[in-house]
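Structures incoming, each one as structure tokens.
In the two assemblies presented below, subunit A is common to both, partnered first by subunit B and then by subunit C.
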Partner chain A sequence: MAATVKVMRRPDPGETSYIRATLKGMALTFKHMVNPDKVTLQYPEEQPDLSPRWRGTHRMEVHADGRPKCVACGLCPTICPANCIRLVGGEDDQGNRYPIVYEIDEFRCIFCGMCQEVCPVEAIHVGVHFENAEYTRDRFVYDLDRLMEQDHPTTLLWDPSDPRSE
Partner chain B sequence: MSEFTQPQETVTLTIDGREVTVPPGTTILQAAESTGNRIPHYCYHPGLSAPAQCRLCLVEVEGAPKLQPSCVTQVRDGQVVHTASEKAKGMRQGVLEFYLANHPLDCPICDQSGECKLQDYVHEEGRKHGRSREPKRVFGRDDFGGDVLFYGDRCVMCTRCVRFMNEVAQDPRLTVVERGNRSVIDTFFEDGVDGSPYAGNIVDICPVGALVSKDFLHKARAWDLDHTPSICPNCSQGCNIDLHVRDNRVQRLKPRANPEVNGHWMCDYGRHRFEWMNRDDRLTRPLVREAGEARPAEWGAALSELLERLEEARPIRAVASPFASTEELAALRRVVDALGGGEILFRSPEADEEIPLPGFPQLARRRDLSPNRRTAELLGMERVGDAQGRGGLESLADYTGTLIVLGDALADMDADFGRQAALYLYLGSHPSAAAGQADVVLPIPTFAEQEGTFINGEGRVQRFWPGLIGPEQARPAWMPLGVVLSRLGVGNLPGSAGEAFLAATEVLPELQGLRHETIGTRGAILNEPVLLAGS
Partner chain C sequence: MNDLSLTAFVITSSIKVLTVFSVLLASVALMTLVERRLAGFIQDRLGPNRVGPFGILQPAADGIKNILKEETMPGTANRFFFVLAPALAIVPGVMTFAVVPFAAPLPTPWGTVGMVIADIPIGILYILALSSLGVYGLFLAGWASNNKYAFLGGLRSASQMVSYEVALGLSIIPVLMLAGNVTLTEIIWQQQQLGFWYILPLSLAFILFVISAFAETNRLPFDLPEAESELVTGYHTEYSGMKFSMFFIAEYSHILTASALMATLFLGGWSIPFWSGDHLFWHDGMLISGFTAAGEPMAAQGAWWTTLLTFLSFAVKTAFFIGVFMWVRWTLPRFRYDQVMHLGWKVMLPVALAYVMLVAATILVLDQVGVEGFLFGAILTAVSAACTGVFVFVVDSDRLISGSSVSGTDRAVRSPVRQVRRPALEPRAGSGVNP
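Here is the complex of A and B:
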């Protein structure tokens, strides 16, 4: 059996040169530099405009007298697909059902917003908020007091009768 | 087999296009239920009389001019019944709308939510939106005494609670006051149902959240609870119950229907004694005594130590507990017999009197306050001590032979108990001062954490199932005792509670012919083997 020799063609410099690609990339960069619509946001001095339907960390609404609006109905821990809400119901001194323990593990939360959707008394809300950095992991389990202290705007849920939020 | 050769009178009718054959005298509602077709109803309850007043079970019977209440209409041959025709459904929708006219729709804060018949029926067949614009009546909540709270707004006036107190407890404490739209359930006296020993049942039979338990109030959602069939361990009646468990804690006990034992009921004494099942102070590991000190050990090491020390022949005596399962008690009897035989003592609490349920005479809170004393007696164990389940073990405190304690917490014994014993084996679930001198301590699960059987006072073998997860290292006592037996060359090591039950037949000939599978959820009487078709 005769040996076969495959003859390779050496690519010419026009094909292998990186100069053309570099120029192409630089051209794109310069195009963006002069594009008035694309800007670098000077965060944190400048804050981004978040959509009203942005779903971030939670906030618990409170009554005028400072009580949480939650009635410990148990619907949000039931519907939560990430199983991150812990609730122990009880009764306060005025005979109202309220949450003795209400905790959300924001690390496990997938920000689906179903808790807000299911709440019969509009107590728990996801919020228009994203600055959540902490020094320790355990600070990401928000208890009832912490949830009641949050003051960022709450999320506007999708309304089927107004699908584009207009 | 005479009952099969005698011609049996039956009635055949058609319900929703399906032929049903039932004995005469059956109501349409029961006949439909036997085919799995549940006709909505409130006032009818199988354990009570049927006043046919809630108007929810009305069905169309061909030939009848009006809709018929299926809870009291008896079946006739050739009858054709429609439970889901336009007419029947429209009527139900109308009736449900009336029920909601005054209903607060408190579901988020109502304890019945999730197991509420009003929720269920309205969700299935009710109108999407209410049309009533009138203000609703408001009652607020009322303390009915005992463990019972009454939320008047949620009541659907089925009068089940009134009828239970009148007919079954035969202790009339409740009544309907006012009429028409203003009618409401109320108590005769200030103390309400307080002191009535079976009043807790009205919470179970209330189809809505009008009557709720104070103990269970806001504790858990109905859909969070796992239900495990079990047996009440608080007296020798052995009521069939369900353990309702959330987060590995028993939250409440509910009766499980068994017409032979407890009907649909259970007593309040038994209902409220479950907190001990949730105790956190547990024996979690085998302990072996070394140089005067109990040290945690692996199961293998603890068992080797035990087997080694059992080799030397000595007299043996044991203490058992009538709260242990039949399987465990029988294994103990066999071990004691195999080691040369010796007496087994047990102590059990006793009440001063029975508390019968007049409307269901089979059921009474028995004097004997332990679930399995019958087994202990059948196994020839001897009851000692007083009515509080104390005392009687003084002779054992300084015993010098082999001493085995199974289940008894020895609460009244001091820390010196068993110090003289050549070998002291303690099998228990909770730490006990009197186990301090034990050479080997083996952790066992409580009855709520294992499978097994109890034999109640009338001689009925009844199964229970594990509803809680016990400590990881706890093993039912028949397991380590089975290891001892197999080492001694008597019998094989049972691999399951069912096999341990079969092995128990050795010392309990009364169990002959019974198996876990054939006992099922209803129990079986001793010496009356269950005949299965084809066996």
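Here is the complex of A and C:
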């Protein structure tokens, strides 16, 4: 793309001044001063409207009997670009695979949402959530129990046939 | 100047000093909050509103934080002057208020107490002298820090304050000529007697005073000594903790004093408009409310509610100007350094000089003709209004913010679009990749 140059017009003689321009500016700022529509969000009391596609900390979907939906297929640690998922799978008597260890390091996670996209059983999700403060760093490695406890809404996946989620 | 016994004088003066000092510092603390909240409102935000109702305790929180913070001492700084500078900055700022009368005299069982700490006969000269000392604190801070940014800030503050002191002093001279005195109480009295606040008969002096007061207090658009975009924060770059805070207290108390001065010199100080009940003045050792037609002084007695009302009037006027200071700060960007100097020396100084001459001539002519009272004020108002019109619409017109190397009257700069013709880029034979 060619670079474009915006030519600013020099003000004509007689257009410029200090005092009158200052007063004009003060009128403008006064209008904003008395304007009751402020943009401030009084955060802890008022919560921001997050997009349904907001990608925040993860949650693990759970079966009705309390088992995680994860089948330990290993796709999410494979696809994860930040390499933040640790999965050790196991198998029970019926031959069902389940995760023995499932940890996500939320510090390393870049919240790309690929784990959710790749999951064949829709077990792991990124969520619509951002309040993650903790007192120690090790609290940011979420284990399986913690992931299953999360109850915030899950992120809506981007649908190529409906790119604006309409 | 009063009828108090020595003991009563000492006691009332001590009380006044303590009260005014505490009120001054409390107002300064409040002003920091008001400034931040006003900035918020102007930028469509809310500003700090969490600490206490409406954020009223925010200054206390800031103060505690600043006292508890570590005080850094740069290794290469000049220790003595580095510590001295904040004190030098804050002392003139706080002391200047001593001569500003803030209410009508208060009658007490021990005699009438003037509502001014020191009603000294050199009023304005004291203020000019002390406010000039403020530059030492800023300059020493910049020099003693041994930091190039701080030093540049200190240099700028010195040159700027010295330059604008000239215009400031010249803009006060018409007031002194009209009042015939430099005592602030008498200036208020003369405004009451004339029936005009001096903002009307001396409107151009008011404009010049406001502009130079902005420069003297280092407020935007003249805050070049701080200029955070170029100089980190200028002269107080190396300061932290309470020393840093002291520079801010100094700045805000200068604003408070400048606003009180604008109110006193041009808006009648503590006098209440369209009411003669507050006309109180010490004349030859007695409190008078005016003169009879024969020139005899009329004795008067103050009242506590008069004092209260006049104090409210003074507070409202001062608060208005403080508000203007903040309002302008969040409206205007900073001037470039050469523009500040250009404005100070090439615009303000000649205009102020010419205006002093004009006012002097007008007063002389009116005195010779024998015009007095309302007509005197009205004629002076008309003359000043004409001057202000010329200043605002002719002198302050067609001033282009041009490059520092090009003067504002250069035709090449004025022309709407400068056409720079460059030879078209021709592909040179034999050098290109074109076939």
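Everything below uses one rule, namely that the second predicted complex is superposed on the first by the 124 of 166 C-alpha atoms of A that agree within 3 Å, B and C clash if a C-alpha of one lies under 4 Å from a C-alpha of the other, contacts with A are read in each partner's own complex, and residues count from 1 in each chain.
Keep this in mind: a residue touches a chain if its C-beta (ideal position, glycine included) is under 8 Å from a C-beta of that chain, and two chains touch if they have at least 3 such contacts.
All values reported here derive from a predicted model rather than from experimental measurement.
Look at A:R139: by the touch rule set out above, it reaches neither subunit B nor subunit C. In the superposition on chain A, A:R108 makes contact with neither subunit B nor subunit C.
Touching more residues of subunit A than its counterpart among subunit B and subunit C is C. In the superposed pair of complexes, A:E91 makes contact with subunit B only, with no contact to subunit C. When both complexes are overlaid on chain A, the residue A:G25 reaches subunit C alone and has no touch with subunit B. Shared-chain residue A:H63: touches no atom of subunit B or subunit C. By the touch criterion defined above, A:T16 reaches subunit C but does not reach subunit B. In the superposition on chain A, A:C73 makes contact with subunit B only, not with subunit C. Put simply, subunit A uses no single residue to touch subunit B in one complex and subunit C in the other. Looking at the complex, you find that subunit C touches subunit A at residues 38, 40-46, 207, 327-328, 330-332, 343, 391-393, 396-401, 413-418.
Residue ranges on subunit B touching subunit A, taken from their complex, read 107-109, 113, 141, 217-221, 223-224.
Partner subunit B is touched in their complex by these residues of subunit A: 71-75, 78, 89-91, 95-97, 120-121. Those residues of subunit A that touch subunit C in the shared complex are 7, 9-20, 22, 25-26, 28-30, 32-35, 37-40, 42.
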